[in-house]
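You will see two complexes here that share chain A, one where it goes with chain B and one where it goes with chain C.
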Partner chain A sequence: MFEAIAFYLFAILTIVMFTITVMTKQALFALTALAAGMIFVSAFFFILGADFLGVVQIIVYTGAVMALYAFGMMFFDTTREVKERNGSSLIVMGLSTLSAVFTVVIFSAPVVSSKIESIYPTIEGATNSQSVGMVLFTKYLVPFELAAVMLLVAMVAGIVLAGKKMDRSLTLMAEEEILLSQEANKKVIL
Partner chain B sequence: MEIGLTHYLVLATILFSIGLIGVMRRKNLLMLFFATEILLNAVNIGFAAISHYYNDLTGQMFAFFIIAVAASEVAVGLGLLIVWHKRTGNINLDTMSSMRG
Partner chain C sequence: MDMAYLIETIVKIVVIMLIFSALAGLGTYFERKVLAFMQRRLGPMSVGPYGLLQVAADGIKLFTKEDIIPTNVVAPIFKFAPVITAATAFMAAAAIPFWPQFTVFGYTVHPIVADTEIGLLYVLAVMAIGLYGLLLGGMASANKFSLISAARTSAIFISYEVVTGLSLLAPIMIVGSFSLIDFNNYQAGGITHWLVWTQPVAFILFWIAAFAETGRTPFHLIANDHEIIDGFGTEYSGMRWGLFFIGEYANMFFISFVIALVFLGGFGDGGLMGALALIAKVSFFFFFFLWTRAAWPDVRPDQLMWLCWKVLMPLAVINVVVTGLVMMF
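Right, the complex of A and B next:
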C-alpha cells in the first residue's frame, strides 16, 4: 500500500520535473528541475531495495554532475532565452513512432523473457551494500577498474580542456601583473 | 494494489520518451546534455527494477557503470563545450557545421 503510494507520488513528480527540463525556455529552470528529478529518481532505487545505488545516484548526480553543470553554465549566457528549432511535423511523427515502438517492446519484453534465471542472486542475510560489494569486487572487478581509469581520463580531459592558463594564480600575482595580463587578454580577444 | 515490474518499465519508458523528445527538439547544446542525462536515468530505473524483481544484482552493477559513464561524459562534454564557447561565442547546434555535415 505504502509502496504504491510512494511509487505513484514519485512517478508523477519525476515525470513533471523532467518535462519541465525538456520544455522550458530558461536554462536555470531546466537545471534546477533536472536536479530535483535526479533526487526523485533516487527514491525509486530506495523503494526497490537498491540502497547503495540510491545513495550513489544522489552523490554523483546532484553532487557532482549538477555542480559541474552549474559551473559550466557560468561560462554561458544563461539569461538569454533558449531559441528552439521549429518542430517539423516529420520529426514529431518519427519521434512518436519511435516512442510507441519502444513502449510495445518494453511491454512485451517481460512476457518473452519469462524464463530468466539470475546469474548473481542476491545473498541471503546480507544488506544491499554488502552484497553489492561482494559482486562488484569478485565478478565485476575488471570493469570496475576500467571505470576508474575512464573517470581518471575524463578528469584529466576536463582539466586540460576547460582549465587553460591555470598555471597562473591571480592570488599570488602583484596588482601590476594582473593589470598587464588583463591588457594582454583584451588584445587577444580584439 | 501491488506494484509490479511492468509499472517500473512503463515509468522508464515514459521518462525515456521525455528524454527522446528533449533530444529531438533542443537546439542549445547544454539542453541537449540535460536530455541525455534524462535518457540515462530512465534506463537506470529499468535496470534497478529488473534487478529487484528477478533477485539478481547484475542490473544494479550495470546501473553503477552507467552512472560512471554519465559522469565522465559530463566532464569531457562540458570541457569541449567551454572550449567551443570560447572560440565561437555560442553553443547553438546549427552553427556547428564546419565539417559540412
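Right, the complex of A and C next:
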C-alpha cells in the first residue's frame, strides 16, 4: 500500500514538475522545476529497491542542474520572463503528444508480452552497490573505461581552453598593471 | 510493514525534528556566548538568567515580524527557497544513527529513521540539495548582492562536492560499506580502531569541506556581512529568514554527527559510555565551528577556489590512490 501511495505521489509530482519546465516562460521556474523533477525521479529507484542508483541520481542531477543555473545567471536576467516565438501551438501539442504515446508503447510492449527477462541474474547476498560494481567491472568494463577516457579528454580540453591566463590574478595586480595588460590585449586584437 | 513500524517511524521523525529545531535555536545562543567570551564580552545577559531566554525572545521576534515580499522578486520561488534549506537539512538526518539502540519497557528502539545500506551517500546527497535554497533565494530576490551570493553558492557547490566525495572514498574503501552503522561497528574495538588513525588526510579534508558545505566562517562568502550585506538573505524578513538559520544550524549538527561517526568511532560498542562519548564528540565539532568563527578571518572567493582545486582535490586523489595500493598489497 505504501509503495502504491509513494508511486502515485511521486509520479504526479514528477509529471507536474516536468510540465512546468516545458510550459513556463520564466527561466528560474524552468530550472527549479527541472531540478525538482530530477530529484523526484530518484524516488522510483528507492521504491524499486535500487537505493544506490537513487542516490546517484540525486547527486549527479543536483550537480548538473546547478551548472545550468550558473549559465542561466551569466546569460540572462532570470527574474524576467523570456519572450518566446511559437509557431502553431496545435502542431507542437499534437507532435509532442504523439511522440510521448509512441515512447510509452515502444517501452511497454515487451513488458506487456512478458518476454522480458534479466540477462544477469541477481546475486544472492550482494548489496546494491556491490551488484552494480560487479556488472560494471565485468560485463560493461570496456564502455565504462571508454566513458572514463572521454571524460578525461573533455576535462583536459576544458582546462586548456579556460586556463590561458590562470597564472595571473586580477585581485593581486596593481591598477597600472591591469590597465597595461588591457592595452596590450587591445593591440593584439587590432 | 505493520502498524507498529509505522507509528515507531513517525514518533522517531517527530522527536528528531523537535530536538534539532530546538538545538538549532539554542545553537544561536551558544554561538553568541562563545564568540562573546572569546572577544572578552559577556554576550546576551538581559533576557533571563545568563541571557538563556534570548532564544525565546528571538523566536517571538522572528515569528511576529512582518513577512515582506518585495516587488520585482520571483514570488513563488522567493517564498519557497527557505523551506528547501530547512527541509533538506532534516531529510538528511533520516539516515544518521543518533544513538546506539536501547531498550525501553522491553521494546528495542533503533534511533535511526531509515537504516539503508547507502546511508552515508544519502546524507551527503540530501545535505547538498540544501544549497539550492541559498541559490534560489539569491537568484529570486531582485538584488545584486543576493545575485553575487547565489553565484558564490553555485561555485562552492560545484567545487566542494568533489572534495567531500573524494575524501570519503578512502574510508568507504576500507570499511566496504556506505552504511553509517557499519562504519560505527568497524570502529567498535576502541580508540585504536578509529579510522582517523588510518585515514588522517581524509579526516582533515572532510572537516575542511564540512565548513564549505555549511557555509561557516573561513568560507562564509555566501553571506559575507561586510561585502554583500547578508547575501541570499538580504531581502528576507521574519520567519523565512529564520528558516535559513534553522537549516544552517541543523546542518552543522548533522555534519558533526557524520564526522564523529565516520572518523572518530561514533558510539563505540553501543554502551551508555559510548553514547555519551558520541555526544561529547559532536559537541566538540560544533564548538569548533564557533571557535573558528572567532579566530579566523574569511578567505577571498579566489582563495577558496584555489584551495579546493589546487590543494584539497589533488591531496584527496593521492589519498585514494595510496589507500588503494596499500589495500591491494
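By definition in this document, the second predicted complex is superposed on the first by the 132 of 190 C-alpha atoms of A that agree within 3 Å, B and C clash if a C-alpha of one lies under 4 Å from a C-alpha of the other, contacts with A are read in each partner's own complex, and residues count from 1 in each chain.
The rule is simple: a residue touches a chain if its C-beta (ideal position, glycine included) is under 8 Å from a C-beta of that chain, and two chains touch if they have at least 3 such contacts.
The shown structure was predicted, so the numbers you read here are calculated from the model rather than taken from an experiment.
Applying the stated contact rule after C-alpha superposition, one finds that A:19 touches chain B and leaves chain C untouched.
In the superposed pair of complexes, A:29 makes contact with chain C only, with no contact to chain B.
Touched residues of chain A, counted separately for chain B and chain C, are more numerous for B. Judged by the touch definition given at the top, the superposed model places A:73 against both chain B and chain C. Judged by the touch definition given at the top, the superposed model places A:62 against chain C, while chain B stays out of reach. Contacts of A:129 after superposition: chain C is touched, whereas chain B is not reached.
Once chain A of one complex is fitted onto chain A of the other, the partner contacts of A:141 are absent, as it touches neither chain B nor chain C. Of the two partner chains placed by superposition, A:93 touches none, neither chain B nor chain C. Touch criterion met: A:103 reaches chain B, while chain C stays clear of it.
Within the superposed three-chain model, A:37 lies in touch with chain B and out of touch with chain C [touch as defined at top]. Common to the chain B and chain C interfaces on chain A are residues 1, 52, 56, 69, 73.
Of all the residues in chain B, the ones that touch chain A in their complex are 1-3, 5-22, 24-28, 30-31, 33-35, 37-38, 41, 44-46, 48-49, 51-52, 54-58, 60-61, 63-65, 67-76, 78-83, 85-86, 91-92, 94. Interface of chain A with chain B (complex): residues 1, 3-4, 7, 11, 14-15, 18-19, 21-22, 27, 30-31, 34, 37-38, 41, 44-45, 48-50, 52-53, 56-57, 60-61, 64-65, 68-69, 71-73, 75-76, 82-85, 87, 91-92, 95, 98-99, 102-103, 106-107, 109-110, 116, 118-122, 131-132, 135-136, 139-140, 143, 147, 150-151, 153-155, 157-162. Put simply, chain A touches chain C in their complex at residues 1-2, 26, 28-29, 32, 35, 39, 51-52, 55-56, 58-59, 62-63, 66-67, 69-70, 73, 78-79, 127-129, 169, 171.
Across the complex, chain A is touched by residues 1, 72-74, 76-77, 116-118, 121-122, 124-126, 128-129, 131-132, 135-136, 139-140, 142, 147, 150-151, 154-155, 157-158, 161, 165, 177-178, 300, 302 of chain C.
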